[in-house]
Each structure stands twice: as structure tokens, then as C-alpha cells.
Amino acid sequence: MKKVPVKVLVNGTMYERQIEPNILLVDFLRYEIGLTGTKEGCSVGVCGACTVLVGGRMVSSCLALAVIADGTEITTIEGVARGERLSGIQEAFIRCGGFQCGICTPGQVLAAAALLRETPHPGEAEIREWMKGNLCRCTGYYGILRSIQDVAASAAGAEPKLNAKLNHG
Amino acid sequence: MEHAVVGRNIPRVEGPAKVTGACLYTADLIRRDALWGGFVRSPYPHARIAGIDASRALALSGVRAVITGKDIPMLLYGLAVRDKPVLARDVVRYVGEKVAAVAAVDEAALEEALALIRVEYEELPAVFDPLEALRAGAPVIHPDYRSYEMAGIEVRGTSATTDIVGSFFGPFNMEPGRHNVQSLWRIGKGELEQGFAESDHIFEHSFSTQIVHQAFLEPRACVVEIDREGRVDITCSNQSSFTVRKGLARYAGIAEDRIRVHPVAVGGSFGGKEGYEEVLATYDLARACGLPVKIVEHYAEELMDGEPRHAAVVKVRTGVKKDGRFWAWDGKVFYNGGAYAARTPFIANMNGTLRLAGGYRTPHVRIESFVIYTNQLPTGYFRAPGEVQTLFGVESHVDMMADALGRDRLELRLQNVVRPGDTLPSGEPLRDPSGVEVLERIAEVSGWGHARPAASRPHLAAGRGLAFGHRHIGAGETNVELFVEADGSLRLVVSVRDQGVGANTMHQQVTAEIMGTSPDRIRIDVRGTDGPYDEGVRAGRGVHIEGRAVGHAASAMIELLRRKAAAHWKVPFEDTAWQNAGVHHTGSAKRLGLQDMARLFRDEPLRTGGHFKAGKSDYYDFQAIIADVEVDQETGEIRVRQLYYVLDVTAVINPMLHQGQIEGGIIQGLGHTLMEQLVIEDGRVVNLHLGDYRIPTMGDVPPLSISLVKSKEGPGIFNAKSVAEVGISIVAPAIANAVCDATGVRIRDLPLTAEKILNGLRALQAR
Amino acid sequence: MKFQHRCILPGTPERWWAFLLDVPEVGKCIAGVEDIQPIEGNAYSGSMRVKIGPVGLNFHGKLTLEEIRREDWRAAFQSEATDRGLAGGIRVRMSMQLHPQGPDATELVVDTDAVFMGKLGEFGYPLIRKKADSMMQDFARRVVERTASGPAAGKD
Amino acid sequence: MRAFEYHAPASLDEAQELLARHGDEAKLLAGGTGLIILMKQLLVQPARLVSLRKVPALERIARVNGALHVGATATHRAVEMSPMVRELLPLLSEVYGHVATVRIREMATVGGGLAHADPTQDSPLAFLVLDASVRLSSSRGQRTIAVDGLFLDHYTTVLEPDEVLTEVLVPLPDPGTGTAFMKFQPHTVADYPTVSVAAGLSLDESGRCRKARLALGSVGSTPVRARTAEAMLTGNRLTPQLLGDAAQSVAQELDPISDLRGSADYKRKMAVVFTRRALEAAAARTGKAA
């Protein structure tokens, strides 16, 4: 099977690889470049644990071939904090009980960040509609809802850009 | 007593790792050289294996090993009852049973190999319904039942007054005419028949509940590596490192000290990661290949071959006096245990059996619990095991009796609820019960008897439902070690892998409280099997078992430091005191802080240990819930408008974590009530992905108001009671009761689907 | 996966009995079945194509006439086949029974019990369940159509 | 997932040429949300994938004279959020806004959704109600067919192996048209529907129903047009009685099969209830329409 070149900017770092076309994006991120923060849960695009942002938009990396990310900019959970400093939504998840076992948390944080970037001050209905694509079995969602509302209510509201590269997502 | 740290929402110790993706789970352990392992599974619910041909698979270049039941130790596997081969040997007993294991260089090669292995089966008659399985003439699923052994876990949670007939397992179950019994438990008190003879009314109802999966989002996974000297290195998603080590040592015939289990994070368990079968099979593969092997199950495998909650049939018969007193109670529950008992811990039975007469002061009680073999996937423990099933029956039944007696549903419960001085229906002793306070509080917060929610639209019918329950506090054993580090900070070594409840944060908070330091001066050092022995996480035992062990270590450390300071000052021990994280000399201004002592005593180990082991305590959590619902009378759709929940508490170590447990448990209960079910046709699970096995989403959760009632005593550290297994069991009866209140339709089998309710409405109209 | 289908055929069971035992003839009534060849005794080889949108299954395997009970007009087949694309395999039991319906009509009752293996068993279920039912209805229809060409008429 | 050759042609011609050359061997890849799952499950094992992501201008949403043209690779989310769609075809953004979850809507494309022909999908219902048609293009030429004639069976359309669905053409509804969409998910808001219904009603000056469109999903092997009900409504005043009778008539027109979202019988009953509700909502909006 002919390998294909993939050139992709992940969390601000450029990666170039020759890959088999049947490699999924989630496996590319986890095994090719070693970013295991992205989790695989249901593997059918339902649970949202594998959520990453491609060009600023949410993608189920378990349903996306890695080749379709060629030439794009990707943000994974590893790219949400700025260096040692956690982003506002990450701090809110810690402060408000937004996680327990943590396996869904990378997807939840990315989905929440994407929401807050599109809608800085979402109402509860907007949050519920947006976040219903990310399953959590531990929290009953109340803690996640509180975390997002906490940021939404803050003066800043919107997340700062997830990383320098993502402003034209 | 006022607490400085306990009772505060200090952030979780693993918080930053979990929100940045740094936290490592089993599947994150990348070993470039690790082979991918996987299983060939049975397509038949019951069949004889006539032959296995792996030649075509072995011919593939990427395949390193194929092993079958013939290639592995003859030992049977099981948590409580050893009745399951790791790979089926001669017979398969359920669809999805592991028949062969394959190791290959990558996932593609593995998939191809699995598809190329040909297994020849001769089908055998199968039975799926537990009541049919009991009947004479039903296929006997385990002809060798007598030869099976208990896994040596001593039977706990039974007091002198409970009458355990025979054992939970074994020859007793083989009485003539009795078929396919995994386990039988009979408990009670009083004289049942006399009780019924003295009753004025007798009510009898039966109910059924479905099989549901824990649906944690991390499917089970493990990595096994064997070095050249035969030392085994294991990373796995499991609730108990030490149970895995013990089990593998027995299976492989090697010493426990040759096996090391690493403490990676677990992506949710809820009781469903007690088993370690896949670790044993992976060990066999690793041995066969001489290379590390990693198995990451697909979610479909999790759903077809996990450790889900037993489906059950619940039958309750109650004798009631004219004045409403419950006088005699006969409860029977038939749990569908699936093809093997192996995945059910402890006693191969359910503690939820003990809830089969509810939390009421009935004098004459008999409770019988059968766990029954069928040709379905084996079941295991799931948060409040067995109790979701029994309380759905009991609390629906109590409402039905109240209605028949023309009594207020809450008031009838208040009349009968256990009070100080009572024993539980099971005959178990009971201390400081707060059922009365809990029921009174839920009436108050929900405005019971006053304002009822009105329907928001004409085609909707509004209703309100109540359910009440009590929940035991977990038992177990653990050890911890506490060190003063060179810089005067503290390090607490625990072997408890946090499954999400926040155990390690609780450990830190307890240590900080007792030592009088700030939590951030205490590092939690989580170990695997090279840490102090821990029996495993389960049954809401945290504040009870772990909390007390941590408390012992901290108190011992204070005493140790006082002794050393006293010796250093050459003063009597009695003249020293512990204040503000340091030793004071009461006779002078002399003080040694942790840093001073770390420096001063640098050559002596500043280490203490804490151990705690206990059976089930006589204290119980008491809880009640009220659900306000609207039912669409044209479609049967239920909308839960509001949930009120009341729980009794003593000390709450960390309010945020405590609340998180309640919220999570209740929403899992909501899922069981409205949508969740492994749909099984001819023994085969047909909804094998989370698009078809639906769990609640953020769009589905109703407003929830939680109110805590203060009770006096608890068995845990600082008097605390457990919280990890509350909530979940009483959601279903509350909503079922609300639906009946709204529409008159009584649904007796879970889940409560719109279709069942609409059929019920049509049936009512037909009358 | 179990199905039952019924259809009314003209003529008496006697007229249809030979047809039931004529495996290649029966095979012609099942959409997608190709080149059924006798192997030995009551065993035949054959293949079958099933297409459900993008999902193309191409089974090849063995079909055996397992039970012949003329006294109650019952014949049963078992077929085991694997998909060339390695998606999995299938085991089908099909019993056909004739019930006399008055002087010149016979009811054909077809009971099908199919088990799917491998990935097909895991994920094909909902997909195939939708298709299988319509395929069996189609089978019954084709059998009736054959009355036009008077199958097996007079053979007995 | 089996190995395959990957092609990402830079033009439509190139894509069509690849399909023509490889026929059934090749599959088109757009958003992938449908196809990739089937490939992971080994139910579909194409030798080649032809990705449309580098084909230019295929995602365009534009107004052309009296119609809206929606490009095949426009995502569900793009249609949902497009101000032009909101203004001109509110039903379309409403329906796309109800598909699965935001994340899936960001990935799934309009053309991919139609070509996938899953009878539980929402979007075909909107296009049926709006009398939309699709443009199918191949190296042999182009043809335009009504969405009404697109679906043959579960996951099966009239598309030839060498054809690309390039865009959907949606005529703008006349003034006095009211539309509505109902999706019944009794157990969780993220489930596949038990039944879904889209309705469109247009009134003439006299207030009579000039045109009625009614489409249902999840109740058959393809999306279903309820023609009997449409006929009952056309030419008449939309009294509650008539709307109810029309809704009642769909029960006979459907042939649902039982699935995890309800028995055939229940689906039929719910189809009647939600058809009535959709008709009432559409009728109520006929006045408001521009």
C-alpha cells in the first residue's frame, strides 16, 4: 500500500510523516507523534473522548483518517495550556468538579474551549446542546456545566486563543 | 470540633494532570515493541468446540502467536467462584466467550488473523431466562459445578442474627431438582408464616430489571511484559493491583514478588473492573512470544464481554396490619448471573439482596437470593450491586401498597421506617439510623403534600414520585505509609489507584487535618504492588477503610515525632504536645517544627504506617429522592422536570467531591431508568456500540437539588459516612412512582420506555 | 436471528415435495445465490452475493440437506459460508414445511435461523436484519412465481 | 481497517476520472462519518478512497436566481449556521441543526449524508419537503434528479459507481409557505430518532392549501413522502380536523420495521402523532413566511 505524506501543525509544532492511508487521526496523534492526551473511547464518534480541533473545528479523531489532516493546524489537549499556565477553562474544571476519572476530560475541555471561542457567554441551553456530544459517566455533567458557566460568567468569558496558530481556525 | 482542612473544597491532587492530558492510562503506555493482542470469540451461546484451525492465521507474516484453551494452564479462573477457563476449553457457554488469543505485530495483522481462525462448533441447547434455567429439564450449564472451588475470599457482612443457609455457593446449591444455581443466600428474622397469619392485608408484586453496563469510557486494557529472568511487569485497567498480582501468581505458578503491577489511572470502573481474565491471557501470549503484549479491547468487546449489572426478577410479598404496619415480608430475587460466576466478587451473590425488604421495621422477614447460570455474558458488580434491582421492586411495591391502603405514600414509609433500637429486616444490627429525618427533610424541601407541579401543556400529565433507601458502608483492608521528607514536607504512600472518586485528595486532606499542615505540604505517592498492601477499591469504603488507615499513620507520626523531640530535649513525653504542625514543650517555649525535625533527625527514618481492616459496619447511609415528571399522553415520553435528593451525612471531607459522587450516581440511575439496556437476542448482545447503548448526555440531565441531613455518628475517619454508592438505586422507583402518579400506569420492568408507558395508557383507556 | 415466512402454493404437497429436495432449484429462488454444485451425498457447494448499499458480502460455502421427513412434508437445510472479504461468516438453518390447505393449495412455512460470525456478527446485525427479512419475503415470492413454469410438476 | 490506496484529486474532473477508472473498487470520501465506521467494522473494504476535500468550490453555498445551491462538501454545520440559509430556507438550518451533535455536524457533509442514504437521517426530509434536486456528475456527463427519486433502499441510491453528487439545488419557497420539523427521541436527546417528520404547507391568496409536502424518516427503508396526506391537504382549508385526518392517513403509507428505537407498531403510532404536530406547526407559520 502506497504511503502518503502528511504535514501537520500540532499545538504549534510542525510534524511531517509518511503514513499508511488507513491510519486514523487518533492513532496518528497517539502513536506516531506520541500525544496520548487524546483518548479513544467508543471509536464510533459518539463519546467525544477523541475530540481534537482541526483548523479550530471539533473533529472525532477516531472517525477521521490522518491524511485528511494534511496541511491543517490541530489542537489537542496538550496544546490548551500555555506552558505551565493552565487556561481558564482548565482551571474551572479543577475548581468546579468538572471531572472525576478524567478519561473524557481532554475531549470535554477541548469542546468547552471551542464553544467559548465561538460563543464567549453561552447560556445553559447553548452549553447543553453543544456539550451533549461529549459523554461523561462520572460527573452526571453538573460539574462540567458549572465549570463552563463559571468561565462564561467571568468578565473575560471567551478563552484566549488556544495557541498562537489557531486564530484563523 | 472545627476542622481546618476537612470540609473544604481543596482541589484534586491529580487535577492538573487530568485537564492537560498528562495523566497516563493503560492504553497510553506506548511500547514500540509491544505486540497487539486480541481474541477470537464464540458466536454461539452454547456449543462444543469440535476443532480449531489456526494454520491460515499462523501463516501470516505479522502473526507471532495463537493460543487456545489447550495451550494454557488447566486452572479455572474466578473472583469468588473458580468456574471459568481463561480461554474456552471444550465448551463455549455464551456469545463472546474467548476461544483463542492472538498476538500480532500491529492491529491490521491482528484483525486479519482473528478473521482467519476457523473454529468448528457443535451447538448445544441454550437457556437465557433465569427462571427457566432453574427448572428441571433445563440444560445444565455447569455439569462439573461440584468440583469448583471458592476463590478463598471469606464470607463477610453477615451477623449472628442472619441465617445463612448452607453457603453462598457449593453443594447446598445442588439440592435435587435445583438447576444452574451459582449462589443462594437466605436471610431473615422472625417467623414468616406466623407473620402472614397475623396480617390483615397481603400484597404481592413482581418486577424485573434489565442488564446494564458500567459504560466507563475507558475499555479494559493491559500490557504484560516478562523479562529474561521471568519477572512480570503489568499495567492494567483494574480496581485492585494486588488482586491481579495474586491471581496471576496462582495462575502462572510463580511467586507474587516476581510480579509487579503499575499504578496507572483507571478511566472509570464503577465496579466493572474487578476481573483480570484478559491479563492472564495476555501473560500467556507474552510468554508464547517472548515479547511484551498489549491488549486494548474495542468498546464492542466491553459490551459483549464485560462485567455488567445482573438483570433480575424481583418478587415481594408483604403482610400488613390494619393500621398500616408492615408485619411480614417475603422477598425473592433471581439474578441472571450469565454463563460464569467468575466475575462476581466475594460471595458470588449481591449485597443488594439485603435491601430486598427495604429499610422498614418489619418483624417477620425472609429474603432469598438466587444467582443463576444462563447462556449469556457473565455479570459482575456495578455501583450498589444487586441493590438497584431490589430497591426498584421494593420501593415500587411500597407505593402500590400505600395506594391500595389509601395511605399517603410518604407517611406510610414514615410509619414503617427503621428507628433507633430496630434491627434491619435482614436481622443485621443498626446504629444511629436517620431514616425518619431523611424522609421529613425530603417532604420539607419538596413541599410534599402541598404544591404539586402542574402540567406545562395540555397533552402532558404531571406527577411526583418518592423512593427511600439505605446503603451499607464499604468494608475492606488497606495500608499506607507516611514519611517526613528531608525538606520537612510529608509524603503519604498509598496503593489506592483513584478510579475518579478523588480518593487521593481525601487522603491528603485527612493527613493535613491531623498533622495540622496545609495540604500542599503533603505529596501523595501512589504505588502499585510495590506499595503497601491494599485489597482494592470497591463498595464506598474510602473514608471508612482508607480514611481510618491514613488517620492511624498520621496519629502515629505525631506520636513518633513527640517521642523524638522529648528524647532530644530530654523531657518526659507527657510534657510534649503537637501544635501547628510541630512539637511543643509544655514546660517551656521550646518548639520543633517539621522542617527542624527533618533536619535534626535526618539520620533516623521518620516513617509510620497505618493499617485498617474492617467488615461491614453497623452504620448505614439513609437517602430519599423525589422525582417530578411530565408524561406526554400521546407518546408516553417522560420528561423529568426536577429531582430532589436527601442524604444523611456526618463529616464531609470534601464537599465538592462528595457532591460529585451523588450527582454521578443519580445520573447513572437516570440512565438505568430511562434508556440503558444491553439488548440480548438469543444470547447475543445486539447493541454493541455507544450509539446504540445510550447513556445520558448533558442534554438529558434534569435540575437536581441536594439537601444533606446531619446525623451523629459514622464509622469513617472524622465520623464520616460513605457516599460513592448512594443515589443510583432509588432513581428508578422514584420515577416509576412518578409516572404512575401522573398517569395511573404502573411499569414493573426497567427501563421505563415511552413505548411501555403508551401501551399502559392505551390499556387503561381500554378498561 | 430468526425469521418465519409463509406463502400459499397451488397444488398439493406431493407436487412440491420434490422441489423442496431439489437444492439447486431452491437455490434459484434465493436472490444472489450462484452456481450450486453437488459435492457428495446431500452436500452442495455454492456462493451468494448480498449487497446492502456500500456493504457487499460475498459468501462461499457448503449447503447440506440435513433432514428429509416426507411423512410430515418437512425438509431442513444447513449452510455454512464465509465472506471472501473476511468480514466474517454465516451459519443458516432453514426448514421448509408444507401444510395441505384444502384440495388444491399448500402452505409453505419457511423457518430461518441465522448466526453471524466475526465482525459481521458484531456490527452487521442491524444492517442484515433489515435486509434478511426482505430477502426471505422475496424467496417466498419467487417460489410462487415458479408455479407459472410449473416446477417439478409431475416429477413425483 | 483494511489497507487501501488514497487519492486526493485537485479537481472534479480528476475525481470523476478516478471513479470511472476504478468503478466499484473505489469509494468517495467526504466527511467520512458514515464510511469510516463501516470500514473499521470491515463491512466495507474499498481498494481505493477518493477524497473530495481538495476539490475546489465544492463546499460553496450560493443563491442562484430562484434557488439555493448547496455544494456537496458543505458541512452540516456550515448549512446550519449560514445566514443566507437561515433567511431563505429556515427549515434547512433547523433540520441540520438537529443532526447528531455539533462535532459530527462539523465533519459530516451535505453530499455525503445524502449519498449515505441512511433512512434514519434528518436532512433528506428537508430536501424532500423543499422539492430539492441533486446534480450528479460523471465523466459521462451530468444529470439532475429530484431528491424524491434519489433513494432506493437502505444505504442505497440511484448514484452510479462513477457518479459524484456535486450539489443540491433547492428552489426558494413561495410566500405563504410554512415549514416545520419534528424529531422524536424519547430516551436521550442524542439518540437516533424513533421517527422524524418534516412538513411544508403553502397557502394561496384565498387561504387554501396550494401545496403540501410531508416527509418521514426512520419508518422505512428510505425516507418516505406521505403522498396520500399531501393529496388530502392540497386544495383545502387547513382545519384542525383536516390536519388530523391527513396525519392519520400516514399510518397506512408506512412500513416501519422494529428497531432499538421502537416497535413497528409504535413507530407507526408516533408517525401519526408527530405528523399532526408538524402539520399544525407548519400551518401556524404559513402566515409568517415572507
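Per-chain residue numbering starts at 1, and chain names A, B, C and D are given in the order in which the chains are listed.
Definition applied: a residue touches a chain if its C-beta (ideal position, glycine included) is under 8 Å from a C-beta of that chain, and two chains touch if they have at least 3 such contacts.
Note that the structure is a prediction, hence the values are computed from the model and not measured.
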item: Far-end chain from chain A, centres as C-alpha averages; value: C
item: Pair exhibiting more inter-chain C-beta contacts, A-B or B-C; value: A-B
item: Where chain A and chain B are represented by their mean Cα positions, the distance between them in whole Å; value: 30
item: Centre distance in Å when chain B and chain C are each reduced to the mean of their C-alpha atoms; value: 48
item: Centroid spacing, where centroids are CA-atom means, of chain A and chain D in whole angstrom; value: 29
item: Whole-Å gap between the CA centroids of chain A and chain C; value: 51
item: Sequence positions of chain D contacting 2 or more other chains; value: 1-3, 42, 189-190, 260
item: Two or more partner chains touched - positions in chain B; value: 108, 115, 686, 689, 691-692, 695-697, 699-700
item: Sites on chain A at which at least two other chains make contact; value: 22, 43-46, 129, 132-134
item: Contacting chain pairs - touch in the sense defined above; value: A-B, A-D, B-C, B-D, C-D
item: Of all residues in chain A, those that touch chain B in their complex; value: 22, 30-31, 34-47, 49, 76-78, 80-81, 86, 90, 93-106, 109, 127-129, 131-145
item: List of chain B residues in touch with chain A within their complex; value: 11-12, 14-25, 27-28, 30, 108, 214-219, 265-270, 298-299, 498-502, 656-657, 659-660, 663-668, 689-691, 695-701, 704
item: In the complex, chain C residues that touch chain B; value: 1-2, 86-88, 91, 115-119, 121-123, 125-126
item: Interfacial residue positions of chain D with respect to chain B in the complex; value: 1-3, 42, 184, 186-192, 194, 260, 262-263, 266, 269-270, 273
item: Contacting residues of chain D [partner chain A, same complex]; value: 1-6, 8, 29, 32-33, 36-37, 39-40, 49, 51, 53, 77, 100-104, 106-107, 189-190
